[in-house]
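There are two complexes below, and they share chain A, which is joined by chain B in the first and by chain C in the second.
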Partner chain A sequence: MRKYYLFFKLRFAAGIQYRMAAVTALTTQMVWGLMECLAYKAIAESSGNMPMDYSAVVSYIWLKEALLALFNTWAADNDIFGMILNGDISYELCRPLSVYSMWFSRTAGGRISEALLRCIPVLACAFLMPYPYKMGLPVSAGAFLLFLLTAVLGLGVTIAFCMLVYILCFFTISPQGWRMALTGAVDFLSGNIIPLPFFPDKYLRIAQLLPFAYMQNIPFRIYCGDLAAAAIPSAIAGQVFWFAALTLAGLLLWKKAEKRVVVQGG
Partner chain B sequence: MITMENVCKSYKVAKRDAGFRAACKALVHREYEAVHALNNVSFTVRDGEMVGYIGPNGAGKSSTIKILSGILTPDSGTCVIDGRVPWKNRTEHVRQIGVVFGQRSQLWWDIPVIDSFELIKEIYSISTPQYNNKLEELTQLLQLQEILKTPTRQLSLGQRMRCEVAASLLHEPRLLFLDEPTIGLDAVSKLAVRDFIKKLNEEHKTTVILTTHDMQDIEAIANRVILIGRGQILLDGTLDELRRAAVSDGNGNTDEPLDLDHVMACLYRNLNIL
Partner chain C sequence: MGIIMRIWKSIILYLRYASICVRSAMQYKLSFLLMIIGRFIIAFNEFIAIKFLFSGFEEIKGYSYGDVLLCFSIVQMSFTLSELFGNGFKVFSGMIKRGDFDRILLRPCSPILQIIGNHFEIGRTGPMITAVITLVIGIRTCSVSWNAAAFFTLALMIAGGALLFIGLFMLGAGLCFFSIEDTSIINVLTYGAKSHGKYPIDVYGRGILRFCTYIIPYTLFQYYPLQYLLGRTTQWRLAFYPLGIVVFLALCYAVWRIGVHNYKSCGA
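Presenting the complex of A and B:
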């Protein structure tokens, strides 16, 4: 366990080195977040009834921008794709450790370090925004604790999914195909583009059958009070289920991939 | 003790003619060709031996190293290293071996070398006193004092390679596989790496298998040479035996003093493995 913690720590240390990236991210995220706030304002004013409170939507947007690095599926660890592509995976296979756990902890370290660097300035700015674009506090202390718990579980589901994408790359020459196809759809289905409650009923029901609804959708909606208290236990159960299922699928697929590794050249 | 018996490995390679039409055709129907990288390779290496593994480009050298280190699973044949089958007991196996792939890197790109070393310490569960001793020894022998605190990305190739070699030896492996460890190094770094490997073998009786295209590496390090070509082992002996084989099969101009590279070129040509 200590070994895997060290992977986490090292990736964390590497992650917090990129200060400039954090500064530029702040600008991007603030501009993007504000744009979204304005767009939903327009929707709220023209239609009158939104599936979420406007203030809840604003909090959702700022959380999404602040914690982008935790939950986005398109920014998987490029070093890992690099290793698979250029063959440095050779060295990973020469370690007396499970490659799956190694990459899992490494991805977690990368995501958390990046998120910590970015979320503080973004959240600070979001709380200082003028009304109605101001980020709200969590609806209750209990909701905040549940938010933390489901955020950790959501991160687990997200990473377990990313692991599948890494491993699928062993079966094709270039990872681009998988990444484009999967992450585009996932971005949408996880509520990263528009919050899931905005989906038409029929599509919402389908989305809720997929693991992607158990990533950021749950913690963010608990934070802003959009998810009814009665729905929270089943949401957490869903997260646990999908985390276990995706991890198991990843481990099984890895067993298959390991046998067919071909490190080309030199 | 390493025993390899009748190991075969082939790769499937997609081939097509040049040009747009052929590319479109390949989109629908792909033609594969099996390339036999290793064809009935057998050899034994005793403990404490230093073996140079040579052959022209594409002969199967790296494939062998990858099988020995458990990365690649052969199609058929057996390979037993100290009683373990590398690709079956991968995790136990790799604990006992050190590998340097000259063309790849195991150091984390953006952080100081010493941090990568600390991670390796944890990965192999090396105790702190043992780690400190080994690190000091390696630092001295490979002259790493100046570069340990530098991020990998800012090291020159020679500096990085010295760190790579050190990284592969922190856990005191009994076997060391070196795949082109001196590629792209300047004279000073080359000599440092060579001397180091010799010393390692003398002091710790580490078994070393080394692939290279630099015949001076072989001359300096190996007391036994295995020549592979087109996936088959063609010669197995000392460097002198190799030299004799090159000259005797040649066109009779024996008195011409040949340097090692010419010996090899001659040999490759005679054996028709280019």
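Presenting the complex of A and C:
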């Protein structure tokens, strides 16, 4: 009996490690979300007219925290960077598969599984918050369906962009620094730091010309009813366009990168 | 005399450690430069976010754009300084795991000196550029009359903040002695304060203000001296509140000491 107990203890101890990581992640995201809600509350109280309703901002913030794993551009798949740096990429090239599609699907799988695991506790807490900080339900059933559709498209745009970041690593020796610079800028332009409606008009128009406004910005704003119904078709068209354009760019760049790979043996 | 000699020797040793770290970073100049730029851009985004938000309104809970920028730059500066000098504590859990701490204990020299000296990472100074830019804009646009007392308060706030964050990093490192579990929960208190400390803490309401006074004393370097700096109160003693952080630092140091005393190597 004792050895089974020890097995149980071993597995339980390992499980607790992950539980602590989950508690840490949940605490971090709840603190972040709540602090942002409180800051926007102060802004809403100090200024008469906010570009978004306060309740919409609250839902936007909680969605952002819950689906962080889906849409952030800074937490790219480190295994892929590792492969490029340590040369394991040569094994990937040996496989009779398209490297682009392979990396695309593994990134998508990683992001979706992590998001599913993370979003449930965050959303549960967000729905249980006291009144002004409570996450709202989608404005209508149609809005929820459109939210799901645009979330998938937005994820496509996000991953297509991350693919470009991976492939650009073939052209530089020290990817860390500029990756930080690039993803920092994207973080801002995709509405992860402040929602895009808070941008001054002039800059909002520039931001909307870039692919980054078609990542999390569209689904989140459809969910909270901030995006006018008339603007939704063009937003979806924009997502499709940027998804196609970034994928094409990625494939072309990959063709170039593939030719540059020199396997040094080993 | 003896104690002065010892402190002097420690400083010399620390400087030597730091210069070796800087020289090793300079071996990869491009990488170093890009790191600085990357971190600068990330911090600069935060500044742009404040600028954009303030295009829609004049003030937040009575704080103007300049006031918030001043607060933002003080927190950024303190945090950057603490990361520069206290980075060793941040990577300490890795040192325990690899058994590096055993080697450190064997040497006839203060463990803290070795830990912080070994990880003096000059590449972390990127946000300082943003902090200096926002400080200059803040100083020019906020409602402070700049005299010697104001600059003194400002310097004390930045130093106090840096000590507070170093204390938190030390506390996080000290927790590694007591728990094999993931101690990264301390990041909520450090990174969280860095990102949300851009607004004076009373913006977040009374509950948060209490937490940030009695649990982790952020208000000692941010909210209270800021009230004096911005001329919202004439109580000059508020300017000396950052000195109270020394007590907090001593408590963190006590946790660290207890941890080191109870440390048992698992063989490396």
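Going forward, the second predicted complex is superposed on the first by the 240 of 266 C-alpha atoms of A that agree within 3 Å, B and C clash if a C-alpha of one lies under 4 Å from a C-alpha of the other, contacts with A are read in each partner's own complex, and residues count from 1 in each chain.
By our rule, a contact is a pair of C-beta atoms (placed from the backbone, for glycine too) under 8 Å apart; a residue touches a chain by one contact, two chains touch by 3 or more.
Small disclaimer: the values here were computed from a predicted structure and weren't measured.
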If we overlay the two complexes on their shared chain A, which of chain B and chain C does A:248 touch? Say first, second, both or neither.
neither
A:259 contacts which: chain B (first), chain C (second), both, neither?
first
Just checking: does A:176 make contact with chain B only, chain C only, both, or neither of them? Give me first, second, both or neither.
second
Quick one: name whichever of chain B and chain C touches more residues of chain A.
C
Examine A:6 and indicate which partner it touches, taking first as chain B and second as chain C; both and neither are also allowed.
first
Under the stated touch criterion, which partner chain does A:90 make contact with: chain B (first), chain C (second), both, or neither?
first
Tell me which partner A:231 touches in the superposition: chain B (first), chain C (second), both or neither.
neither
I'd like to know which partner A:79 touches here: chain B for first, chain C for second, both or neither.
first
Chain A positions touched by chain B in one structure and by chain C in the second:
17
Can you check the complex and tell me which residues of chain A touch chain C?
16-17, 20-21, 23-24, 27-28, 31-32, 35-36, 38-39, 41-43, 45-47, 49-51, 173-174, 176-181, 184-185, 187-188, 193-194, 198-200, 203
Within the complex, chain B is touched by chain A residues 2-3, 6-7, 10, 13-14, 17, 79, 86-88, 90-91, 93-98, 259, 261-263, 265-266
Listed in rising order, the residues of chain B that touch chain A in the complex are 11, 62, 66, 69-73, 90-92, 94-95, 97, 99, 101-106, 108-111, 115-116, 118-119, 122-125, 179-180
The chain C residues in contact with chain A across the complex are 28, 30-31, 33-39, 41-42, 45-46, 48-49, 52-53, 55-62, 181-182, 184-185, 187-188, 192, 195-196, 199, 203-205, 208
